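Take a look at the structures below.
After this come two complexes, each holding chain A, first together with chain B and then together with chain C.
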Partner chain A sequence: MTDPVLSVERLSVDYRSGTERVHAVTDVSFTIPPGRVVGIVGETGCGKSTLAQAIPRLLPEPPAEIVSGHIVFRGTDLVAVPRRRLPLVRGTGIGMIFQEPLNSLNPALRVYDQVAEAVQIRHWRDIGLLPTFRGGSKPFDYSRRPLPETSAVLSRPITPGGAVAEKAQRRLTDRLDAREEVLRYLRLVRIQDPETVLDRYPHELSGGMRQRIMIAMALSERPSLLIADEPTSALDVTIQAQVLTLMKELIDEVQASILFISHDFGVIAEIADDLGVMYAGRLVEFGPVADVFRTPRHPYTRGLLRAVPERYKSDGPLEVIPGSVPHLARLPAGCSYHPRCPLAQDLCRVDPPPALRTVKGSAERAPHQSACHFAEEVGTTP
Partner chain B sequence: MGRSLEDLAIFVGKRLLQLLPVLFGVIVLAFLITHVAAIDPCPRWYPKAGHATIMHCEAQFSRPVPVQFYDYFTQLLSGNWGTSQSGDPVLPHILAGVPATLELVLASLFLMIVIGIPLGVLGAAYAGRWADHLVRIFYLSGWATPTFVGAILVVYYLAPTLGLPTSGVYSAAPPFPERTHMSVVDALLAGNLPYTVDALKHLVLPAAVLAFINMGIATRMTRASMLEVLPLDFVRAARMKGLSNFVVLYKHALRNALITTTTVLGVTAGGLLAGTVVIEEIFQWPGIGAYAYVSLGATGVPNFDGAIAVVVVFALGVVLANLVADILYGILDPRVEWR
Partner chain C sequence: MLRANPLTFLGFVLVVLLVVAAVLVVLSPQLLVPYRATQETKAYTVPPTLLRWPPSLVHPFGTDETSFDLYSEVMLALPLDLAIGLFIAGSALLLGGALGLVAGFWDRPGTIGAVASAAILRTTDVFLAFPSLLLALAIVAALGFNLNALLLALVLTWWPYYVRLVRGEVLAIRHLPYVTAARAAGVGELRILGRHVVRNLLEPVVVYFTLDIGTVLVSFSTISFVFGAAIAYPRPPEWGNMLSTFQVNQPITHAWWLIAFPALAIFVTALAFSLFGDGLRDVLDPRTRRALVQSQGVSAAPPPSELAQPTGPAAESAGGSGP
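Take a look at the complex of A and B:
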């Protein structure tokens, strides 16, 4: 098996505020194999955004603090990378799409200047003008991916060519036509009329448009790992659908593994290969999307899935999970879900369950993991 | 309304028209204050003159104040800015003093920008840590220093150590005509390099004192608005592009934080001009501040016409500085429309 692009190992992140310690992320482990899309779902305040920002070490430290664990990106532990070298990892290594398209573009700079900056950084790193991150493992060779159907290729607009074609082109000339490159990526994210958009300021564009530009900016650096932190949550439903469709289309073309954070099961089901469920700072379940949806192995996941309104459900009230999310500074003893759990037993109140363990009977190549004492029973009890 | 050049021209034109009533108000106020505050100035103005002169002078002041103002104002409009009591006309002092003061104020504004703003960025980037505290100590000590104390300390202790001159604009009378009355500009126009260096040496201390005392506002505003901008998504997005900390701070964050700082710097112009009164007197700078000091009676004889002229020029300076700040604000922030 190929090395994972990212493997998070027993990561814990705290926020310090005064004397209080908020355990935003506790003992989280998962891996992202090359070319796969990993979704993380959870309620507001469960630590998923903290996790997303902790991976490229974007959290302000202090107040945030990585208490323990490792973030191994292409063979390098990012926790051990000194602060001033972090920019080398970002951009071309790990790219990120933010939640608020309103705030994620600089209001004082034109679209062109912002996208060109990203294009320029990648170009300078490619030709060695700027130092760059060299991970222990090679980036996944996407040229070996099966090609998309010919009909699909023909129906798509012009997109960046494969990695090989790029390299050949780069050997011909080290000079970069930044404007042409920016236009290429704006076209890639299906922006109509990219030439006029170039000279606009962000406040002159709609939310969906800004999010497309954000995506274009992240993609133009061709990162090995793309972190999308609720990229569709702040958008209108129709725009949300457009952006989601765009991202789904791009996944086949983009040369990145993706970590997709959302609170929306529907979005995750559309886009992800693997799914992790977070509760109160812990990853409580992790596995292939289909397995998690079909046979949830943690009572929290099961409760969440039952609370999703089915498309044409008209009879009876929706199911809810009783109680509310505990405060991350004052977690209950034992399993932090036990006060709300219908299956809780005496063991759960005193003994915190171990971090994820593979559920018996799941496939060895794509293990289904759960952090419940009674993972095997969850599927069988009502 | 939009952001085209015509819109800007209309905006500036409107603001200049609004300036007229402001100036009129300032003239009325300055006139009233001078004529009400100085009780019976004639014997002091002409201590050695004969009875007839004093009687003539008192006859002037015993007329109704509106009549006196009408006389003064019509004279002012016809270009006669009056004279001091010894017959020294006011206008040449103003014309020579304004450029000299402008040079001093611009120099200290320059220092405030190139030192004060980076310090504010530093304070925000290391908020709550020792670098931030050092920055705060620096600008607060400037803020807390009375102008005359700071200036005198610099003249007596700092200047001899650094070997810098503390009086005048040149060490010797220049061999070239003082066309603009800005010492550095004049020397440069004459192509006289030694005199340029000499003028800069004379400029550095008064400008530094003026800047040090007013720096707090620039630093503090920059720090505060940087702290507002830094947690925003676009700053993190800039970091995630792989930009260095320096570029993130100075290109992405400061560009937005400057929008607030600019406005405040425009308001600071008043403080800078007020500071010139004491600074120019102590450093013997031949500007409008030193002239204000003399006109307001510091040497014993107040000069009404000079005092009013100085107040008007200062008011004009403050209003124009605010106008420039508003224009810069619009240039920095693309969301602003001229109106």
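Take a look at the complex of A and C:
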């Protein structure tokens, strides 16, 4: 089996506010194999976004603090990387798409300038003008297939330490390339009439357009790993569907590994290969998306799935999970889900379950993991 | 596009006229200054009261007590006063702005930046604790009244406001999603500061700067006025200084024009920069810029694709002074 692109190992992130410590992410472990789409779902405030921003170390530290754990990206532990070297990993290594499509674009710059900035970072790192992040001892070829159409410019040979004159020459021709590159990526995200869009400011574009441009910016750096933090949540349902369709098509084209954060099971079911469920800062279940949907191995996942409204069915009221998410600074003893769990027993109130263990009887190649003492029984008990 | 708002246009025209006039006065004075003062002609030869002439066709602003043409005197002072305003506000902007960027952008608890930031802010507190005009007066009094002391005093009292202004803007901008997004795209910290933070705080700071030039001129004239009476001839051509000497030598009831015209010069200059600053705000903000262009109907671009839903139809490619 190939090395994973990203492997998060027992990661814990706290926020300090005054004397209080909020355990936003606790003991989370999962891996993303190359080319795979991993979805993370959970309610508001369960630590999804903290996890997403902790991976490229984007959280402001302080107040956030990585208490323990490792974030191994292509063989390098990002927790150990000094802060000033982190920008080298971002963008071309780990790309990111954010939730707010309006505020994620600089209001003072035209679309061209913003996308070109990303294109140039990739370009300069490729030709060795900017330092870039080289992974661990075994460089991993993440791009199984070069990007169609854009490959010509992007797949230039990497010549670190090349002749100065050659670099200067490339720098001169860089401007012309950038415009073509930007147009290519705008077309890639299915923006019609990209030439006029180039000269627009973000406030002149619709939410869907802005999100497409964000996607174009992230993709133009050809990241090994793309983190999408609720990219469709702030959009209208119809636009949401468009952007989702686009992302599904692009996943096949760009072949990056993707971490897709969402609160919407429907979105995750559309797009993800693996699914992780977070509750109160912990990953409580992880497995192939079909397995998790068919036989949830954690009572929280089961409750969530039953609470999803189904169309064409109206026999009785929707099921809900009683109670609410505990405050992350004051988690209950034992399993943090026990106050709301229909299957809770005495053991659950005192003994916190192990982080994640493979459920007995799941496939070895694609293990289904759960953090419930009674994971095996969840599937069978009604 | 500046014509969209008549007051903005007026401010723009006034500023341009003032700057052009100042340059002309320096380069070829004979065009705008009919009577050139030499040190010799400005000596008292006759009793001053006999030689004050009210405004006339020959002397549009009248003459002063040495029978010197007041219009020439006011025009001669123009380059100096403009240069003083720009120099003081500009120095304060550069010094205070740079310190404000440092104090805002690198102010993270537990870092060297936080220490530097605290040092900068406490220093500004010391300066801000005094009323700025009084502090400037005190500095001038301590150093002795001359042009250099006056400039130094005003720069010293002016920079803390820019620190506060710039730092406040930086603190507001640096946690906005687009800064995080730029960071996530791998943009370096210095580039983020220049392209994403400074570019977005430029608008309020530049507007404040232009408005400030007027304030600086008035303050400079005030200090110059306070100390100016102590100066003997030949006095430096400066509006505040002129007011001061005229006010002492000839009360306003006897020769109103000696007070009115230098004061008018200060007023017009301050007003011009204020209006100009207001207009700049509209021009610098991409949102209102497009609205201005649209209201004028300069150009109507073909309607964009159905995906794009622009708020303004105009897509003038050279949208004014581009970023």
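In this section, the second predicted complex is superposed on the first by the 341 of 382 C-alpha atoms of A that agree within 3 Å, B and C clash if a C-alpha of one lies under 4 Å from a C-alpha of the other, contacts with A are read in each partner's own complex, and residues count from 1 in each chain.
Following the convention adopted for this analysis, a residue touches a chain if its C-beta (ideal position, glycine included) is under 8 Å from a C-beta of that chain, and two chains touch if they have at least 3 such contacts.
Because the structure is predicted, anything quoted here is derived from the model rather than measured.
Once the complexes are laid over each other on chain A, chain B and chain C cannot both fit and instead clash. Number of chain A residues touched is higher for C, counting chain B against chain C.
Contacts of A:Arg21 after superposition: neither chain B nor chain C is touched.
In the superposed model, A:Arg179 makes contact with neither chain B nor chain C. By the touch criterion stated above, A:His70 is placed in contact with neither chain B nor chain C. Of the two partner chains, neither chain B nor chain C is touched by A:Arg187.
Of the two partner chains placed by the overlay, only chain C lies in contact with A:Met209; chain B stays clear of it. Within chain A, the residues touched by chain B in the first complex and by chain C in the second are 53, 56, 58, 60, 87-96, 98, 100, 103-109, 117-118, 121, 125, 201, 203, 214, 217-218, 221. Only residues 108-110, 175-178, 180-189, 195-196, 199-200, 202, 286-287, 290, 301-302, 304-312, 315, 317, 319, 323 of chain C touch chain A when the two sit together in their complex. On chain A, the positions that touch chain C within their shared complex are 53, 56, 58, 60, 62, 87-96, 98, 100, 103-110, 113, 117-118, 121, 125, 191-193, 196-197, 199-201, 203-206, 208-209, 214, 217-218, 221. Residues 231-234, 236-245, 252, 255-256, 259, 332-335 of chain B are the ones that touch chain A when the two sit in their complex.
The touching residues of chain A, when paired with chain B in their complex, are 53, 56, 58, 60, 84, 87-96, 98-100, 103-109, 117-118, 121, 125, 201, 203, 214, 217-218, 221.
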